[in-house]
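In structure tokens below, several structures.
Common to both upcoming complexes is chain A, partnered first by chain B, then by chain C.
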Partner chain A sequence: MMRRMLPRLFVLLAVLMPVLAHAESIVVVANPAAGVDTLSRNDVINIFLGSFRQLPSGIAALPIDLPPGHPARAEFYRLLVGKNQAEINTYWARLIFSGKTRPPIQAERVEDALSMVQGSVGAITYLERSKVSGKLKIVFELAQ
Partner chain B sequence: MMIKKCGDFLRASACLVALVSASTIAAAQDDEAGSAAFSLRGFGTAALARSTNGQAEVARDLLQPRGVSNHWSGKIDSNLGVQANYLASEKIEAVVQAVSRYNYKGNFSPELTEALLKFDPNPFLSLRGGRVSTDFFMHGDSRLIGYSQLAVRPNMDFYSSLAVSYLDGGDVQVTVPVGEGLLRGKGYYGFLAEKLPFADGNLNLRGSRASGAYLDYQQGAWQWRGGLARISFKHSMPAPVGSLQSALIESGVSSAQQAASDLELQGTDARYYSLGVVYDRGPLLVQMMLGRLSYESEAIQDQNSGMFLAGYRIGEIKPFVGYSRTKSDASHVASGLPNTGSGAQINAELASVLAESHADQHTYSIGLRWDFRRDMAFKFQADAIRGKSDSIYNFRQETSRWDGKTNVFTLALDFVF
Partner chain C sequence: MTTVQPFWRRSILLRAAAQVIGIALVVGLGFVLLTAHLAERITQESVAQRLRELMTTVENTAQIACFTKDQSLALEVVNGLVKNSEVFGAAVVGGSDMLAERRRGGATPERSRLAQAGRISKPIASPFDSSQIVGEVVIDPDPEIIRLRVRESGGFVALVLGLQLLVVVAAVVAVVLLWIVRPIKRMSDKLHVMDARSIEPLAMPQGHENTEIGRLVADINQLGQRLVASRDEEHHLHLQREIGERKYRAIFENADSGIFVVDQHMVLESCNHAFYRQLGLLRLAERREEISLLGLPWRMPDLLAGLLDRCAVLNRSVSDDFEYVVDEKEVRWFSVTLTPVGDQLIQGQLTDISRHKLAELSAQQEAITDSLTGLLNRNGFLQRIDEEIMACANDAASGFALLMVDLDGFRRVNESMGLASGDQILSITANRLRSCLKGSDLISRLGNDAFGIILRSTPGERAAANVAMRISVALKGFFEVGSTPLQLGASIGITLFPSDGADQETLLRNAEMALDHARVGGSGRYTFFDFTMARNAEHRRKLENDLRFAVRRNELMIHFQPIIDLSLRRMTGAEALVRWKHPEQGLISPDVFIPLAEDTGAIINIGLWIVETVCQQLAAWKRQGNDYYISINISARQIPDGLPPITLIETVNRYGVDPANLAIEITESVFMGNSEAAQTWLDAVHELGFRIYLDDFGTGYSSLSYIKRFPVDVLKVDKSFVRDMSEDNSDRALVGAIINMASSLGLTVVAEGVESAHQLELLEKAGCRCVQGYYFSRPVPADEIEAASRHAEQLL
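So, the complex of A and B:
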């Protein structure tokens, strides 16, 4: 059974390889001075969805979203909680209009998000792995 | 009648739009000063609904004096809300919200639904004071925000008797990481400010004390919640209950006077018990809730309700199915007066008052939500309400031919801005 399956698996992998290689992972980046090595998936969900905004080092977390329509933004939430942008907006509508939690700060450009992370010790954002510069610390990776 | 209602809604909407424009100018000036501390947002629903049974009108909740029957109407679900947030610092925020919806007065005059100051000294603690939204039941504080919900409206069997939208007071919320999840406790205290339509008058809740708490645990895609709330009524029921009480007392018979006392609302409590579970991850959303409303006064029947809702997203379309059930416990109050002459009349009035809050029905729902563009969703829903003929609590203007069964069809456009 296995011997018959294996060649098929290789064919499947060969077909999928270009797709897999093209899709880039999304990483969550923090200020190196935040004192955080890694975040768990739950930490990232709690910070970006507003249920508990504290870094494991005890510093208050300040999440920053990329501009609406940025491909990394949709990809981030899809990989994190399996939700599309409409579902994320629906979630925030409930919390904002019942006077509860604020959504992440929305950066107007990717560069603004990155400079906010560099300029504020608790700030965190996300972007494609290839775009991370040396001044940011990767604390979580969402693989494709 | 419907045209008049629409006229009211348009006038109220125009007022809110004027408020938006004024605030937008203020926001623009704020932006020029280099500050993004002020934000203005809103939400709304434009919906049409109708039922298939002309013998009773279906109301969305106890706050609505009339409902919809077998003609299309935009009355019960359409609304418009505007909210201004001002972030004074990282930890202090002010929120003001006004909503125009079909209300107890039978028009769309806007009301202040939130006016609060929020102070979050650290990630564990959140304090709010002022006019705050209430969540006696899970998601009870977002009932007016159609866009935030999967279905066209909060389940009527479960939420419709939850008449309170906000209280003037405050709440404290504590969040602590426990295990892999988050444990959250919230307590609130304050005074109600709303009125409910009742017969030809209003039941005044203004000044009634409300307090409550819930405990909530969230882990991964799951969220569990158990809650308790209490209302201590400050006012009595209006006529016809008030006049019935007077007649019972004036009869001079002690059992009748006891019945009058059993019907008294003033100085008694209502208690709300609730359990809720939500699974929300990826394309799947499942909600299950159980609730019980218990009244010390015999004027309103105790009620047990439950609901289930499940939706699964395919592309941008999320079809859903739901089931709910509500049943109230019949009140047993007897006047002890003979069924002749004025006694018969009093007994008939007593039976009518006791029957007014009776509910015994279940509802099957099916529908879909289509997020066709950013910040907008189109919804369609069909509800099959199957109840006994004496199930009248959620209905208005029921005739003697009402059989407790109707279907409700709703088309809705929800938006946020």
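So, the complex of A and C:
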């Protein structure tokens, strides 16, 4: 009986996860080699929304979005600029047309985003605080 | 004063229209300009508004362009804006960078400048943070377009307004002209040609019955009516005043009294016909020359001038009487009343009072004239004495003699022969007096039969005495009255001015005193006043006064003189004789004070007191066992009412005394007056048991008929007979005859005044029953009577 019950339990957990994660704060992480200790909210907005993509240390910033539909992505933008994903998409739609700036690189998976940050000095992304590993440096925290 | 003005200035109609149009144009122009200005503002505002709305439509895109500083996106925005016809140029600025800018082509520098002046900008916030400004959108409106719009809308508004104004002005002008100006003009035209003497009412303008103009027309019509009415009234009053003035003029002219007005210089201003007539100035009336009131022949113009002054000073009506000399023969009296009438004029009225004055004078004359004799009466005489005294004071005369003449026995004549005879005698007397005097002397009838005379021409004593003698002789003559000639005689008192007295009152009193003396002295005498008379009179007046209180002050006392009965050889009674012990003058003789008491009436009280005292004494003697009687003297004044018989008997009874012990002594004078009453009294007293003694027998009429008629019990022979008996045989015979006669009538005789043994002897021989006199005793107080009685018995 236990064996038949376990998959169902996992499904339930999976469903509940976002809910549980929601209560958790989102942190912006960067490569520890980037030479940045902390970023201001404006720095984060400029970098992720394409206004000014440069870290305070002078290194070009490379923002990376989590895959679409990831709960932390919606939570991040909601907490940062108070907009939902559709609004963010419309925003980028106008800019893409002019061609001067581009939206952040979209990771296929969370692990990809993390590995890209670990692998690139200017890369910068966000995730739930609980998922931060020691190879990443937290430079900004968006509290609930 | 009025200058000819151009027609348009005179017509209210045209002036009103011109003014209304002028004002409307000015105001309208102002309104149009204001409205155009407002329209321009509104248009500019609305363009700006539209442009701001346009900016809002591109705001989102501009936000992103500015946030990312995306020039191509900004250019897109600018292109979109410039497509609007009202936009001249647009730009998007991102921070400090000009992201995109575009302007219409073909712009003049002026147009660019104007466009920039109207620039509208809108700050652009970050799409993620509304508080963060990341850029700006700028739009320059196209001034040409705006001007076009403004012109369109402003012109339209001005056109509409102008048209409205034109219509309103035309309407107002028409209404004012038709509704107000035309009626007023009609009224004005009609009033202009209206005649004040025939005021016709104005027609009421149609439709104005209840408006102000209607009221104005009504008021004008009413005013016209009142004007006509008051003009008629004034005309009427004028007529009345004319009639009234004529009437008063007639009254003034026809008045019986003289009426005049004088100015402050006493010159006549006007006067009526009566004034001329009364003053006998008719000849002056025609000439109308100036007449001075004081220049007329008044007897005393000064008095009239004084009255005029008084009138002017007191400023009120004054009046007085004035004598006016018409000519040598005629004098008139006028009562003049002056009344100040203002303006320093005095109005006067003149009334002829000559008749009243004459009547007054004759009445005055009558008042001082005795109607019977035509002589001065008492009042007139008193006046004349005063006048004489005045004349002497003014040295016009040196003095005068005043005589008072009194007819002796006139009263008896009047009583016995009647008043008519008396009057006849008085008339004759007046005539005889006149014949004795000079024309300058004055005669007056002072009273009943008293005449007063002033001798002006003969003031001396001797001359007065001569006149008095003449009068005395003249009046001694017989008076032929009725059938019997009468002889009267007169007494005359004379006093002299100024030696005897200085005033009228004193002189009259002096004359009267002198007259009294003359009268006392006997008929047909004249006496000059001397000052002892005055002193005596004064003395007498004082005594009279004291006598009134003598009884009350206990100053009177009674002495008794014993009466001796010769047949019984002893004293049987006494005569009571009253004595007055005056506190200052000592004992006063009864001869002095009894007549006084009789004159003043004090005798009544004294008599009552005597009766009382005597009865008291009789009672005392009766208690001592002495049966004496007392005779008391009763005067004619006390009979019948001074001592009523009932009082006598009551007093006697009160003391328990026998009436027979109280004798009443009377004199013959009692019979002379009211003999009827005296008889009744004597009969009553006698009936009550009192004895009646007839005192002083032989000195008066001594009529035997009296003795027969009245109940006399005792005759007392007067002491004058007894005194002369010793020397005079005829007296001795007379006394003897009296005694004989008395005894034959059954009367007792008492001889008074026995002073010697010889007299006593003679009386005894003649058969006299009783005697009294100093030989036996003088009158003594009651407590000495016993001693006197004993002394008398020793002498017998």
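Just so we're on the same page, the second predicted complex is superposed on the first by the 122 of 144 C-alpha atoms of A that agree within 3 Å, B and C clash if a C-alpha of one lies under 4 Å from a C-alpha of the other, contacts with A are read in each partner's own complex, and residues count from 1 in each chain.
Note that in this section a contact is a pair of C-beta atoms (placed from the backbone, for glycine too) under 8 Å apart; a residue touches a chain by one contact, two chains touch by 3 or more.
Predicted model only: the values in this text are computed from it and were never measured.
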One more residue to check, A:A93. First (chain B), second (chain C), both or neither? first
Residues of chain A touched by chain B versus by chain C: which partner has the larger set? B
Once the shared chain is lined up, is A:V81 touching chain B (first), chain C (second), both, or neither of them? both
For A:G50, is the partner it touches chain B (first), chain C (second), both, or none of the two (neither)? second
Please work out whether A:P68 is in contact with chain B alone, chain C alone, both, or neither, and reply first, second, both or neither. first
Just to be sure I read the superposition right, which of the two partners does A:A60 touch: chain B = first, chain C = second, or both, or neither? first
Touching A:R102 in the superposition: chain B (first), chain C (second), both, neither? first
If I apply the document's touch criterion, which positions on chain A are contacted by chain B in one structure and by chain C in the other? 51, 81-83, 91, 94, 97-99
Under the definition above, what is the set of chain A residues touching chain C in their complex? 45, 49-51, 80-83, 91, 94-95, 97-101
In the complex, go through chain C and note every residue touching chain A. 61, 64, 67-73, 76, 127-129
Per the contact definition, I'd like the list of chain A residues that touch chain B in the complex. 42, 46, 51-54, 60-61, 68, 81-87, 89-91, 93-94, 96-99, 102
Within the complex, chain A is touched by chain B residues 41, 43, 81, 83, 85, 87, 90, 93, 95, 97, 114, 116, 118, 122-124, 128, 132-133, 135, 139, 141-142, 144-145, 147-149, 175, 177, 180-182, 184, 218, 220, 281-283, 313, 316, 371, 374-375, 377, 416
